[in-house]
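Across the two complexes that follow, subunit A remains constant while its partner is subunit B and subsequently subunit C.
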Partner chain A sequence: MGAWLENLAEIDWEPVMTAGRYVAGGLAMGLGAIGSGVGEGHNAGEAVDGISRQPAVSGDLTRTMLVGQAVAETSGIFALVIAFLLMFTEPVPCMEALGAYLGGGLAMGLGAIGSGIGTGVAGAQAAGSISRNPRTRGNVTITMLLGQALATSPAVFALLIAVILIFAQGFEMYTGNDLVLAVSALAAGLCIGAGAIGPGIGSGIAAGGACDAAGRRPEASTSITRTMLVGGAVSQSTGIYAFVIAFILIFFI
Partner chain B sequence: MDILPDAPVVIWGLPGEGFNVATLYNSWLVMVMLVVAGVVVTRRLQRVPGRLQMTFELLVEFFDDVCTASLGEELGKKFVPFIVTLFLFTLLTSIITVVPNFLAWAGWPGFDSPTQDLNTTLSLAIIVFFIVHISAIRANGLRGWLWGFYEPDFPMQHWAGKVVGALFLAALIWLSYFFAAGYVGGFAGMDAGTRVALGALLGLFLANNVLLVIYSIQLKRVPNVPMAPLNVVGELGKAISHPFRLFGNIFGGFVIVIVISELILYIGLPPFLDLFFNLFIALVHAFVFTMLAIAYTAVQVHD
Partner chain C sequence: MEETIIRAAALLGAGLAMGFGAIGPGVGEGYAAGKACEGVAKRPEEAPLLTRTMLIGQAVSESTGIYSLVIALLLIFLFGG
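Let's turn to the complex of A and B:
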């Protein structure tokens, strides 16, 4: 057990680190593409269904669908940015940086799944709602945008952790070959990545319900929006716990 | 590829690490533009509005409707100027990046969005955070605001309420004693800064407990003590996600435009990427930032 641990400092980390950066970039974008893809497809399906019910508002529905999809793309775009950063920044090669980069890739890749699906669900419900009651389009679109912004927050937390892990060497962190630090960086990425899946989907469901409700009862949209924001924030509290633990894993280990 | 911001520049010998001059100058530029626009548009107001006046009236009217609908007639009217300014500032600082740097010869650092610098969005979010909580205290009083963190509460009349209330009270007294004793016991071993910081925290905690007991007797309701940490974390979570959402989207758009343009050698696509990310996405997220400021205030004020 002890022998290879002592030899860690003598390994040439240069090629390992380069390989690790590419693996991390692939993980970030590959996993990060899942959520947005599913969500946007769901959105489009609901919009098509709505057009079959109300062919007269197909223009409105297409516009709402495109806006919803553009926002649902956000988490996938975050993943793309992180993938580029992971592939094209060059840290001092060492074991801790390897852990941090793999952690960053996992954080953003996994963290984008929930938000992508959630924002897609919200957009889909908004399209269905508009097809049932086209006059409430303005109201529903605002509710949808707010709800989608709420559902993106877990991905934003994951983005934040990934950025911290990538640029940690700027703060003189992750410059050595300590196994514990390397694994704790990886664990921080896993923690926020996996922890963001549920809250992303959950607050997306809350936002979808609010879009549906805003279409049925536009006069109550103020209290609908309020309840959605509160409920979504509560469903995100588990994501915030994961965020706190990831922070502790990075800064206090 | 020039993704990371330039090194900070120290100007006028001000203390600190220095400033990101692109952020600083562009924020000032947007502020000047807003002030000039405010003066020009309102200088000759007419009963039958012209095109310029019409545009701005539509904007103000829209936010007026939203504010009065979610904050009530009186508070909403007070909020409109702040909200419209917040929207115009976030919007203009986000889309200013589409302007090419035609002033490079004069030493202008470039029209980078100030909102792709976390410092800008963080400052805006801190302003919003304080406005939210101060207006909550002004609307509901200290009691209503503090009690909001201990909800859902339950009535004291029921016997179960009395038992649970007594348990919470005992736990609070024990915690107060525990922390106070720990502070006094460790006082000698701390340096001055830690003493002040921990003392302030302890003072706030004790004041909170005293107020809680008083309010509980006044309202004849039992505060839900275990919910308080969760509510506080929830508020902090809002305050954290608010600036990072705008920053993440604007910075992400900026990086994507640069990276993809670089990959395709700046042929054909860049203007459309710019249109989508730096105009459309920026507009959506400036709007979302502003609407969330209203929604957060509404949630706190209506507690």
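Let's turn to the complex of A and C:
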């Protein structure tokens, strides 16, 4: 059964690698667009809902919506950058590079989903909150931005792992035809990519709750922000475990 | 030869275990935190009690994430190393 494994070095990896990194680029951008799209749409929906309740503050609501959407776009832009890198860098053609590039694409593609949805949920709740109590706009916007920053951090972890996987060849990593190393690079990408989905959505829900709360009771906003940051940090923990496992898969195998 | 495939499979399994295992706790803990924030808005004087309850609930929700971490580490160092 293992004949093909012994012949790995004799395969011409050049065309396989070219095809592989185009697929990886497509996966990065295709999967990476899901989160930002859903999140920004949710944000816009709530803003429209808010304007229908309070047409007088439509300017404020539109501005807050655009600020929130701009932050929700970040993870989609990360995916775009990784897709460009995957399309235009020329790796040493080998099996390990194929694993690393597919891993990098999946890491950023999957990793952008959670943060995109999460930041969108935060922005949507902020829009609802402002339409109920327009005087608290400043407070709610600050809470929203803090929460969105927290919700974007899993996408930053995924970006970091994707960049490491893509540029590892420059440091003499992933330049051979070892099946174990190729698969471990792919596994590292899948690990941080999928692992970033939950914390991104969760921190976003936490931030959304905080935006809602800051609009209802502005005088308790210090306490609300503290609760959001503590709760959001706990919800990040599984993302950090995934980051550690990805790191082990890259550097200790 | 089989050994190479088994090692590769163990490492892929580790990545899948931790990656997909992290989704649930992340969403669940965030939901708890969001509800805690809303609770603080309704009764700011009960903030310490709400934070404590939130943290206990999150710790329970974290458990499956820790199982994933343990399984991933076992797969890497017992079967993949």
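Keep this in mind: the second predicted complex is superposed on the first by the 253 of 253 C-alpha atoms of A that agree within 3 Å, B and C clash if a C-alpha of one lies under 4 Å from a C-alpha of the other, contacts with A are read in each partner's own complex, and residues count from 1 in each chain.
Rule of thumb we're sticking to: a residue touches a chain if its C-beta (ideal position, glycine included) is under 8 Å from a C-beta of that chain, and two chains touch if they have at least 3 such contacts.
None of these values were measured; they are calculated from a predicted model.
Of the two partners subunit B and subunit C, it is C that touches the larger number of subunit A residues.
In the superposition on chain A, no contact is made by A:100 with either subunit B or subunit C. When the two structures are aligned on the shared chain, A:230 is found in touch with subunit B and with subunit C.
When the two structures are aligned on the shared chain, A:142 is found in touch with subunit B, with no touch to subunit C. Of the two partner chains placed by the overlay, neither subunit B nor subunit C lies in contact with A:31. Looking at the shared chain after the overlay, A:210 reaches subunit C, while subunit B stays out of its contact range.
When both complexes are overlaid on chain A, the residue A:108 reaches neither subunit B nor subunit C. Annotation: subunit A residues 226, 230, 234, 236-237, 241 touch subunit B in one complex and subunit C in the other. Residues 1, 3, 69-70, 230, 233-234, 236-238, 240-241, 244-245, 248-249, 251-253, 255-256, 259, 276, 280-281, 284-285, 287-288, 291-292, 295-296, 298-299, 302 of subunit B are the ones touching subunit A in the complex. Against subunit B, in their complex, subunit A makes its touches with residues 67, 70-71, 74, 77-78, 80-81, 84-85, 88, 142, 145-146, 149, 152-153, 156-157, 159-160, 221-222, 225-226, 229-230, 233-234, 236-237, 240-241, 243-244.
If you check the complex, the residues on subunit C that touch subunit A are 1-2, 4-5, 7-9, 11-16, 18-38, 40-42, 44, 47, 50-51, 54-55, 58, 62, 65-66, 68-69, 72-73, 76, 80-81.
Touching subunit C in their complex are the following residues of subunit A: 1-2, 5-6, 110, 114, 118, 154, 179-180, 182-184, 186-210, 212-214, 216-217, 219-220, 223-224, 226-228, 230-232, 234-239, 241-242, 245-246, 248-249, 252-253.
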